[in-house]
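Report on the structure given below.
The letters A, B, C and D name the chains in turn, as written, and every chain counts its residues from 1.
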Amino acid sequence: MVPDGADLFWGGFGYQRAPIAFSHELVRQKKRNLTVHTCGSEVDLEIMAGAGVTTRFEIAFVAIEALGLANNMRRRVAEGKVEIEDYSNLAMAMRFLGGALNVPFMPIRSLMGTDMVEKSRYREKKVEVMDCPFTGEKICLVPSLQPDFSIVHVQRVDQTGNAQIDGIVGEDLEGSRCGKKLIVLAEELIDEEEIRTRPDQTKIPAMYVDHVVILPYVAHPMECHDYYDYDLEHLQMFHKMTRTEEGWQEYLENYILGVENHYAYLELVGWEHLHSLRARKPWGY
Amino acid sequence: MVPDGADLFWGGFGYQRAPIAFSHELVRQKKRNLTVHTCGSEVDLEIMAGAGVTTRFEIAFVAIEALGLANNMRRRVAEGKVEIEDYSNLAMAMRFLGGALNVPFMPIRSLMGTDMVEKSRYREKKVEVMDCPFTGEKICLVPSLQPDFSIVHVQRVDQTGNAQIDGIVGEDLEGSRCGKKLIVLAEELIDEEEIRTRPDQTKIPAMYVDHVVILPYVAHPMECHDYYDYDLEHLQMFHKMTRTEEGWQEYLENYILGVENHYAYLELVGWEHLHSLRARKPWGY
Amino acid sequence: MVTYSKIEFLAACASRHVNDRENVFGGTGLPLLAALLAKETHAANANLISEAGFIDAKPRNVPLSVADSRYYYRSSAAIGLIETLGFILQAGRIDVGFLGAAQIDEYGNLNTTYIGDYDSPKVRLPGSGGGNDIASSAKRLIIMMTHDKRKFVKELDHRTSPGHLEGPGSREKWSLVGGGPEVVITDMCQMDFDPETLRIRLASVHPGYSVQDVLDNVMFDLIVPDDVPVTEEPTQHQIDIMHRLDPNGIYLSKGGG
Amino acid sequence: MVTYSKIEFLAACASRHVNDRENVFGGTGLPLLAALLAKETHAANANLISEAGFIDAKPRNVPLSVADSRYYYRSSAAIGLIETLGFILQAGRIDVGFLGAAQIDEYGNLNTTYIGDYDSPKVRLPGSGGGNDIASSAKRLIIMMTHDKRKFVKELDHRTSPGHLEGPGSREKWSLVGGGPEVVITDMCQMDFDPETLRIRLASVHPGYSVQDVLDNVMFDLIVPDDVPVTEEPTQHQIDIMHRLDPNGIYLSKGGG
């Protein structure tokens, strides 16, 4: 569905609701030259950078946070195989908001005075600092984004595409509305009746949604609020293996290319193990 | 609390969650020269314009919608006692968003080509049309708003100020965050525990809130989703009485100046009648 | 023969401009009645949106306000203005918007704000509301007005919402998202816009009115094609549905458009 | 005598910079531990915010990610990035932000993006994340770093986040909302900024280190006041609380800052 060369809004934030299963599928389908736009994603970016699926990133952050640096990304950047156009989290979130609003830019008060304004990789105009016509202050304009596809992972969706999200939304409300097409990955299918009983719980109305995929454990080894916790053991293994190219290639072969689809991946991880990660009430993890 | 000459963000939209009780109190306290910023409010604007509390409005709309024109506003404008700086609903909502984000303006694609750009009452720069530095298109910048006070009416609030809203939010999320001080009027006090059990239901976190007022039927004769329906009979009476200055003065005397406080107003309207307006499940009205 | 009121006629007429699966801004009053009627007849999957924040609404009672809770239950989402006017409308996702006006000029530009001079207006009208936004960004704009000579003017007292502005190329100059006015429906006739000049053109006259009646009631040069058909009348089926939608006659019993 | 690890020392040291009732960006790692410790000691009503969207969080387990569900339950709101980085941070509502860095210069400007030349970088680091935003807009910025000569440089390889830029008046030039860096905490010392020049100044050295140790490990001219006190040590009470907060030693057992 996603052609080579497409650009994507990539949903989830930090460890939360990362569309890992979708990154696996992009790798298995040997997509090439994708551009990924997101604030801060982690294992999914490592997978896409490592497997050569994505060659350009417009992002604010990549690392496995508390676990450490993003090894694949580090290697691919040093090799010159990946280019990163650097923005801050607020800048990226505002770029998605601007895209969703269909205006060409949004003003922010960050970036100014730093190399975030001065240096750019491939964008002709990465940002524009202007004098505010109302106050005379300096203000930084960031260009809006309307990527070809938005990829967003949610907890629940109905048959028509109305989606509910539990916990934080990160940048996914703006992100889901800024893309030309929206693909929603959901843990669970619910009946339209459930949506229409509490319309103020709908985070993404069906009118934005082009495709829906229902799969369990889309975010594994990351977490999905109210559904399952992160798999710390797997995460640590992933991070350790990616320290070397050989280790990463082994992970890639075992867990992504070597399995036919997401269910085979889950089978490999083990259902009993997955079950042990299920979220407990009222904590949500 | 609100001094003469202050400017306010005024919450609620259309018939929904209008802070009518607050407008009554402003009238009883004989406030003068207030400026009100809102998208589209109705009976509350009529009351404030009619009673001489508010002399400037930056708004998109005033009427009683299906019931007809805003008679008081019409008279006060013709008398030259009220000035209205006209924007569109999107323009006002974006001005609140810009204020909440603490940036001096927001870009929109409306207003251009019309007198909304050409004509202004008292603002030195009402809007600014510029050439987009990224795309070259024309784009309209609207100045952000950070009024002295935001007045917002919600369904529920806890002791510390965390507020929940049922149904639509209108422009109240942006509006509650754009003011220098925030006054929240709530129908019901709930325990902090209830908030902390479902943090993703909090629409206004306590950190924004400066004052909380708990009162029932704040919006009467307008509606409050899940709590009570509008009072069509009272609304029609209000609209009919405001057709003449005499009629309006009679309403003002009877229902606002002639009662000591909101409870005396409710007493006058009648608790049995108010009770008959209570919302039915699952409709919310 | 079907008997119908003026309101019923206009609502039926307007409902024909809503196609199935379109995203429609409903508002209140006649446009809402028209949109609901369309959903009950030929456009069951039209997505009825209220600018207050309701999406895919299926009200069981007719709302009096765009923010009326009657829009809530069984809608698929209830959010806010940034969503509806920004993410949906400004992003070009609205197929059909409806607007009324106190004045219209020959390019379909609208006045809903002031009658008289801006500096000392005689009458303050409701203002733009979401009108300017809808006129700027909806793909198609349907305008509904009572037909009165003083309303079809050569020069607006105030230009609140953009029609085709000064004609060909002028919406493009401001990068407006939407296509501008498509149809004007009055209690005398339907008008559309000449594709060459983007000026108002007579499209059909309602039963009981002549072309001359219309010409007598506009203050600009109306384009009149050689062949002006009579506007289709409502069916009994449509009238029955309207009465079911508005059993208390909140809108149906009203006088004007 | 209280015995403590380096991590415990640094967390206790950082926690003293959080005052009661302040709005604090917690993040993960040491800053989070410091903020949680502050809440358990002298700053019970500090409002712990995570940029992912959690407000007034009271996690019962230490989060590994700013978006970790451990931040959710018993927080008072869970929203998103526009809320935390826009409505809260950019609006000037954050009192204290914490940042780490790979390089810092004498004005407290930070590099968290590249080591080496921008055009062919040797090492890609995490990037700004919310760092540039926090450095731009938090009222006070607390910087935490491991002390290494290669990190305290005359010239950054890449300026990711603004400190005091080129000194007095330069943050004002860009209308930055926040006050800039206030304190730098390393495993050797605490530093603050000379109010006149806005250049880094030694504030206290940790037990076991000398002023000379610090001077040997910076590549710019560090301002050294006449009197440099020894940094306060953690109390047993603080250490006990940290072990209760992180019973599995997720952060406490780690090597570096």
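Definition applied: a contact is a pair of C-beta atoms (placed from the backbone, for glycine too) under 8 Å apart; a residue touches a chain by one contact, two chains touch by 3 or more.
Quick caveat, the model's predicted, so the values are computed rather than measured.
Set side by side, the interfaces B-C and B-D show unequal numbers of C-beta pairs in contact, with more at B-C.
Centre-to-centre spacing of subunit C and subunit D amounts to 57 Å, using the average Cα coordinate of each chain. Note: centroid distance subunit B to subunit C, computed from Cα atoms, is 27 Å. Note on chain placement: the centre of subunit A and the centre of subunit B lie 38 Å apart, centres being C-alpha means.
Computed from the mean C-alpha positions, the centre of subunit B lies at a distance of 41 Å from the centre of subunit D.
Under the contact definition stated at the top, the residues of subunit A that touch 2 or more other chains are 102-103, 108-109, 137, 139, 167-168, 197, 200, 282. Among the residues of subunit D, those in touch with two or more other chains are 54, 72-73, 78-79, 82, 86, 90, 177.
Contacts between chains form some other arrangement here, matching none of path, ring, star or all-to-all. Working note: touching chain pairs come out as A-B, A-C, A-D, B-C, B-D. The residues of subunit B lying in touch with subunit A in their complex are 98, 101-109, 125, 128, 130, 132-135, 137, 139, 141, 143, 166-168, 197, 200, 282.
Across the complex, subunit B meets subunit C through its residues 12-16, 39-40, 42, 59-63, 65-67, 69-70, 73-74, 77-78, 80, 84, 86-91, 93-94, 97, 108-116, 119, 137-139, 167-174, 223, 225-226, 229-230, 232, 279, 282-285.
Listed in rising order, the residues of subunit A touching subunit C in the complex are 100-103, 160, 162, 177, 192, 195-197, 199-200, 202, 205-208. Residues 23, 47, 54-56, 72-79, 82, 86-88, 90-93, 177 of subunit D are the ones that touch subunit B when the two sit in their complex. Residues of subunit C that touch subunit B in their complex: 28-29, 51-54, 60, 64-70, 72-73, 78-82, 85-86, 89-90, 109, 113, 118, 120-133, 136-137, 158-162, 165, 170-171, 173-177, 250-251.
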